[in-house]
Amino acid sequence: MATKNAVAVKPLADRVVVRALEETEQMRGGLYIPDTAKEKPQQGEIIAVGPGKFDDKGNRVPMDVKVGDKVLYGKYSGTEVTLDNEQYLILREADVLAIVG
Amino acid sequence: MATKNAVAVKPLADRVVVRALEETEQMRGGLYIPDTAKEKPQQGEIIAVGPGKFDDKGNRVPMDVKVGDKVLYGKYSGTEVTLDNEQYLILREADVLAIVG
Amino acid sequence: MATKNAVAVKPLADRVVVRALEETEQMRGGLYIPDTAKEKPQQGEIIAVGPGKFDDKGNRVPMDVKVGDKVLYGKYSGTEVTLDNEQYLILREADVLAIVG
Amino acid sequence: MATKNAVAVKPLADRVVVRALEETEQMRGGLYIPDTAKEKPQQGEIIAVGPGKFDDKGNRVPMDVKVGDKVLYGKYSGTEVTLDNEQYLILREADVLAIVG
Amino acid sequence: MATKNAVAVKPLADRVVVRALEETEQMRGGLYIPDTAKEKPQQGEIIAVGPGKFDDKGNRVPMDVKVGDKVLYGKYSGTEVTLDNEQYLILREADVLAIVG
Amino acid sequence: MATKNAVAVKPLADRVVVRALEETEQMRGGLYIPDTAKEKPQQGEIIAVGPGKFDDKGNRVPMDVKVGDKVLYGKYSGTEVTLDNEQYLILREADVLAIVG
Amino acid sequence: MATKNAVAVKPLADRVVVRALEETEQMRGGLYIPDTAKEKPQQGEIIAVGPGKFDDKGNRVPMDVKVGDKVLYGKYSGTEVTLDNEQYLILREADVLAIVG
């Protein structure tokens, strides 16, 4: 698993790279997402974190998530990428709803 | 009930996690929501509160709600999640209309 | 009437809770709202006032209305709630047009 | 006419209350508004002025119009209200185009 | 022509009042506007200038145009008014493209 | 060519006036724009530059382009004008993509 | 390859010029982009970087990418240009998702 997370990608500004958790992992972790018409949140693990965006003063806004955090995010958030044959998601931190576990 | 509220979820920025109150609980508490075409507010209890978002100065904006508050919010606000087999709602504080009771 | 206004609801930020005035009360108060295609303003009494929203400096913006004010607001503004069997409206102060009387 | 203008209405923030001028008054004052597909400006007299909205520093932005000013505004601006059997318009100052006369 | 420009209208904030130049005047001045599907600019003379809008500090933003300037503006910008039987246009300075001549 | 550039037009704020380069000139300069469904950039020479817009402090934001620069811009940006029988384009600096050559 | 990157183009503000990587190059670099309905990210090499846009204080916001960086960006981001018979893309830095490799 260590090599998996060591994928060489550096998200810009306030973006994070997330590896989606498999549904079986999600069940083991106690999270179940109902199949409704509402936007379905998803669970994933953060594998890379951007440096934060600049505020109006020219300072970086610190990021509230770190590598290894398990997070919830909306199903239609972000952009899918595949790096080293594994699929990832690039999200803005603002699209991360909560840290779980 | 103590274990119920001890769900391990940390909302980010100005988000809160809310456990919706059952309709019978709502009636006992004296709140009745009419069935009109207007957006229907809902009542719930806050079980987790984010740290607040950053203002333009890089300081956290303090949150006006705390764990245990019973709050009103619009029916279509936020994102539903199920944690430990119970359903919750993740809202931005701006979507919380009022504290009741 | 004192018990009526003592409903236990604390609006957040720049929101107010308004009790709509009956049409007969509106006529007695000298206000008549014509039935046109335009947005129809409504008259009500403010029964609860939020603490004000935060400005960019992290200070509360003071509210210009207080409990007891009779106010005009647009017909489609805000969210209807029923507390203790009476119907109220939760509005942002920005949706209050004027204080009457 | 003095009693007419003494209507008890206090507009909030940067709003003004305007009494629309009759078309005959408009013609006497030398203003004629052509019947085109463009938004038609209207002429009225300001009968009440709000205290001004708050700027980012928490100070009131001073109002550029005062009671008695004859002003031009767009036909579809604002909200119509009838107070003491006379019809008025509640506008934001930003919807007032110019002072005439 | 002096009486023409002395029309009693004071535009608010960053607005200007413009007298559209006749097409013959436009041709004499060397300007020709082609008949394409693009937004067609128009030429006019500024006859009144507002005091400027307030910036975030509560200071007036100075106006870059003055009475007498011949300016280009988009065909669908602003609001037409007729004062003393002559037609004018009320524009925001931001809708003025350039000063000509 | 000197007289051509001496057209008497002063763009306001952050606007520039651009003389579009002929397609033959474009080919000679090594630039070719493919005929796809995407927005087609165009090449032109800047013949007039505005003073810059005001920032929140009331200071002019300096312009990054100057008279004589050859620039790329999107096909549907700006407003076409014809001055002294030659066609020009008035653009905001924000619509200028890059300086070439 | 040195001459290729020496194309004479200076992007303005926070824009960058990107040379898209061929699909074979992408496969060799270990990146594969699946054919889904989602926005497909693309990989390219940065060949020119703008000076950064101005913040509210009138200072340049430093750029987080530099010439030579391999970056991911959305398929529909930016504007295509062809300079010296090679095709490039002009993007805002905000449209660059991450630096790879």
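Some points to look at:
The chains carry the letters A, B, C, D, E, F and G, assigned in the order they are written, with residues numbered from 1 in each.
Rule of thumb we're sticking to: contacts are C-beta pairs under 8 Å (C-beta built on N, C-alpha and C of every residue); 3 or more make two chains touch, one makes a residue touch a chain.
Quick caveat: nothing in here was measured; it's all calculated off a predicted structure.
The centroid of the Cα atoms in subunit D and the matching centroid in subunit F are 42 Å apart. Inter-chain spacing, taken between the CA centroids of subunit D and subunit E, is 23 Å. Averaging C-alpha coordinates per chain places the centre of subunit A 52 Å away from that of subunit E. Looking at subunit G, residues 56-57 sit in touch with two or more other chains.
Because contacts link each chain to exactly two others and close back on themselves, their graph is best described as a ring. Following the touch contacts around the ring from subunit E toward subunit F yields the chain order E, F, G, A, B, C, D. Looking at the complex, you find that subunit D touches subunit C at residues 8-13, 15, 17, 48, 50-51, 54, 56-58, 79-85, 87, 90. Residues of subunit F that touch subunit G in their complex: 30-34, 36, 38-39, 41, 55-57, 59, 61, 64-65, 72, 74, 93-94, 96-101.
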